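Both complexes below contain chain A, partnered by chain B and then by chain C.
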Partner chain A sequence: MAILELSGVTVRFGGIVAVNQLDMKVEEGTIHGLIGPNGAGKSTVFNVLSRYYEPAEGTVTFDGRNLLQYQPSQVVGLGIARTFQNVELFRGLTVWENLMVGQHHNIRYGMFAAALGGLLPRVRQAEQEARDRAMEVLEFLGIAAHRDAYPQFLPYGIQKRVEFARALVSRPRLILLDEPAAGMNPSETEELAQLIKIMRDKYETTVLLVEHDMSLVMSICERITVMDFGRKIADGTPAEVQANPAVIKAYLGEEEVEAEHA
Partner chain B sequence: MILAQQIISGLATGSLYALAALGLVLIFKTSDVVNFAQGEMAMFGTFIAFTLMMKGGVPYWGAFVLALVFAAVFGMLIERIVIRPLSTAPLISVLIATLGLLNIINGVAGWIWGYDPKPFPTGISGAPIRVGGLVFTLPTLLNLAVALVLMLAFFALFKYSLMGIAMRAVAENRLAARLVGVHTNRVLAITWGLGGILAATAGILIAPVTTLSINMMAEMQVKAFTAGVLGGFTSLPGAVVGGLLLGVLENLVGQFIPQLKTPFAFALIVLVLIFRPAGLLGTVQRKKV
Partner chain C sequence: MTRKLLYVIGFAAVLALPQVLPEELNWLIMLLDRALMIAIVAIGLNILTGNAGQISLGHAAFMGFGAFVCYGLTDIIGVPFWFSVPIAGFVAAILGWGLGFPALRLSGHYLAIATLGFGYAIPQILNLFEGWTGGWTGVKPSVPTLFGISFSSDRAYFYLILVTLVVLVWIARNIQRSAVGRAFIALRDSEVAAQAMGISLAKYKTMAFAISAFYAGVAGGLWAHWLNYISPGNFGFGISIELFTIIVLGGLGTVSGAIVGALFLGLLPKLTEIISLSLQRSGAFADSFFMQNVFKNSNQVLTGVILILVVLYLPMGLVDLWRKARVWWETRRQAAGRQAVPRGVK
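Let's look at the complex of A and B:
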């Protein structure tokens, strides 16, 4: 069953059509790649799913619900969490505190509970669960040693993992990863590939992955959607996509051009 | 010994400045709004406590607590009705709106309760405590204790509770906070509710000194701003330290040249702004993600 379905989604910025009549289905429990050359519209799709960009046309259905009727702050509560292409961690907060913010949608208490804080058992329990969850995820992603660090002082690859962790602590059913391997060396990337697969099984999530590292995409994705200039030019299994002439022309061709220039 | 006694009475006034400044700083820190109506929120809450005591026969501490509940709701309403609709407006519009609120609340309070000053009771009374040659009155000690306890409580809230951490995230980048699932509107409403509680607490503790009137906070508000700016305007401990420092300095100045007490507070604001302009001008920038 498709957990996420976009149909006819179009996003415009002034004269630019960043996403053009996009149809896409993401099956529940899969690792689904969304690839394409620079400026193809991949991050724009993520921003539509975050309800940050309003599509001019089209519908988005998540888990049987019309996603477009929700507020940006409700999206995480529905079960969609994300990372950002340019890391968007809070600089004034430690890694640990960033993970607490990632669970804030779970906190239902109001004004007086907030004022009384830890004095109320209900609040104490909610906060304890948040801490347990954060610790588990930090350990799972191998970044527990950095829990009290401020993100800006960490290597970029680690910052990417912290964002991954912040998305994962929210217990998402669909996790959107925007270039998670950026800033990582090949062995770290290989480790990340394994982590994404284990995470999908252990936390029972669906993954939508934007990534330029083709070895990562081809090794872990079960389905791939390819975009170019805002349009979908192909989708299918990694093998199908790699054999698709349009993809080779638009995407792999670009790499050849780059290689020739190098 | 006279100097020590002067410092003590400076701390007494200073703890009131600190309380008033705490609310200002809390709201500024989280929502980027300089709330000129903070003092009038304090005054209004104090009148509510007064009415409960005089007309309702509610005992002092009961009236205190009920007034705080009222103040929290009042703060949240102000956020919902005035501040939230202006969330995308330029900073200056929000400033003018809080100035407008100041006048609205003041006018309505005058219309309800009249313009004559009224005596306001203290929470505790009894013989002053003498230590060595120094005299501590009980209200002084109460005010100091309340200021310090509230400072610590809010400091702990910001540092450790999920709500406090979310407040800091909202303060830093409201959009990013929203995109990772923080209900920013609710966080801001709660901030204003807590700001209202701090305001009313300050008002109720200040009223026995100033007497209760619709203009009771006029001077206090200036002092609260000075205390906040002295402390950097985004730091809760800063607000308390700033308040106490201002109280003591001002008292020492007043000892020699009483007429210059208030000009001194303004001179301090100007000086701090010259040397630490970042204190007041921090803005949240919207970023592409």
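Let's look at the complex of A and C:
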């Protein structure tokens, strides 16, 4: 069953059509790749799913519900968590505090309970549970050693991982990863590929992955959607997509342009 | 262990202060009372500005509003004082929450201007209710009596302020360590990411305004019955700017920064005045008209110079001195340790 379904989604910025009549289905439990050359509209799709951008046309259904009727801050409660292409960690909070914020929608006490703090057993318990879960996820992603560090002092690859952890800790049903391998070397990327697969099985999530590293995409994705200039140009298994002439042309075209510039 | 002991000794010293200070230092108690009430407002403002990143240049208005609510409850309606003070906080919080909504659409300079605007408007509006606030002539709130003790002297009032401060420090620390405090920092650092974590900007920004107005309202209530004279005109731009200076000077986002900043700025003018007077009396440059004038005005000059130095060299605020001192001490100790005890392989 499709957990996420976009149909006819169009996003315009003034004259630019960033996403053009996009139809896409993400099956529950899959690792689904969303690829395409720079400026194809991939991040814009993520921002539609986060409810930052209002599509001019089209519908988005998540888990049988009309996603477009929710506020940006309600999306994570439905079960969609995300990372950002340009890391958006909270600089004033340590790594584990960032993961505490990642669980914000699960921590259910209000302002007055917060004011009384540890005096209330239910606040103590909620905080303890959140801390334990944060540690579990940090350990799973192999970054527990950085728990007390402030994110801006960490290497870019580690920051990317912290963002991944912050999204995962919210117990999402669908996790959106925008270029998680950026800033990582080949062996770190290989490790990340394994982690994403293990995560999918262990936490029973669906993954929508935007990534320029083709070896990563081809090795772990079960389905791939290819975009170019806002349009979907191909859809299928990695083998099908790689053999698709339109895809080859889109990527070759990019290389030709780069070759001309060189 | 030693740290706890230090805290206990420090607190005992603070408690004993009004008892042991001689008559001639009455002015010091008066300044301390004032500084600690301002510190309460600054703690709240630091949650709003330091943690949640929402600037306010009109915070004295909430203090004034709290002062008049507390006076109205106690002296017009006849509610017991100890009950009026927290109520004044809550009523101010509702006003702060309401004013948080127009602030939602604004940020940075625009928010600064808007808050400046309501800081100006609220005293004007209070002024219209002459039966309650006395208009520009003001009113005279009563001296509070608790458990048969009259809090008429600055020394007695010191304890009232201290108890309130301790409770409100505890609450502020709880909030900062909670999901609410983390949400404030999150929305300050990245509004997009905060929303993706389920933090509603409208809910938490207005909440930050409400909490900070609560602190201002409580302090205003104490202020009214300490000064025993209030007029809407007293809660204008001057105090708002003083509050803002305090949190920047002391350290943005921390409770200790607000307190240190309030004490520093509260006592600094008196300190520089003493220096200024002794310079004038020293007879140095007695024949130089120019230098005599510099000495005469050195009070303001010194205050200004010290403020500039702190902002230049301690951008994280005065509380950062403490951290810097500890780092310096640690490295010195380690260096000394290496020289004194030649260690082999561990």
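By our rule, the second predicted complex is superposed on the first by the 252 of 262 C-alpha atoms of A that agree within 3 Å, B and C clash if a C-alpha of one lies under 4 Å from a C-alpha of the other, contacts with A are read in each partner's own complex, and residues count from 1 in each chain.
Operating definition for what follows: a residue touches a chain if its C-beta (ideal position, glycine included) is under 8 Å from a C-beta of that chain, and two chains touch if they have at least 3 such contacts.
This is a predicted model, so every value here is computed, not measured.
Asker: With the two complexes overlaid on their shared chain, look at chain A and say whether chain B and chain C clash or fit.
Answerer: clash
Asker: With both complexes overlaid on chain A, does A:T206 touch chain B (first), chain C (second), both or neither?
Answerer: A:T206 sits against neither chain B nor chain C.
Asker: Quick check on the superposed pair: does A:G92 touch chain B, chain C, both, or neither? Answer first, second, both or neither.
Answerer: both
Asker: With both complexes superposed on chain A, which partner does A:N244 reach: first (chain B), second (chain C), both or neither?
Answerer: neither
Asker: Is A:T225 touching the first partner chain B, the second partner chain C, both, or neither of them?
Answerer: Once the two structures are laid over each other on A, A:T225 reaches no partner at all.
Asker: Can you give me the overlap between the chain B contact set and the chain C contact set on chain A?
Answerer: 50, 52, 72-73, 75-77, 81-82, 84, 88, 90-93, 97, 100-102, 104-105, 107, 109, 111, 114-115, 117-118, 123, 126-127, 166, 170
Asker: Inside the complex, what are the residues of chain C that reach chain A?
Answerer: Residue positions touching the partner: 171, 173-175, 177-183, 185-186, 188-190, 192-201, 207, 211, 253.
Asker: In their shared complex, at which residues does chain A touch chain B?
Answerer: Touch list, chain A to chain B: 47, 50, 52, 72-73, 75-77, 81-82, 84-86, 88, 90-93, 97-98, 100-105, 107, 109-112, 114-115, 117-118, 123, 126-127, 130, 166-167, 170.
Asker: Can you tell me which positions in chain A touch chain C when the two form their complex?
Answerer: Of all residues in chain A, those touching chain C are 50, 52, 71-77, 81-82, 84, 88-93, 97, 100-102, 104-105, 107, 109, 111, 113-119, 123, 126-127, 166, 170.
Asker: Quick one: in the complex, what on chain B touches chain A?
Answerer: Per the stated touch rule, the residues are 72, 76, 156-157, 160-163, 165-166, 168-169, 171-173, 175-185, 189-190, 193-194, 197, 287, 289.
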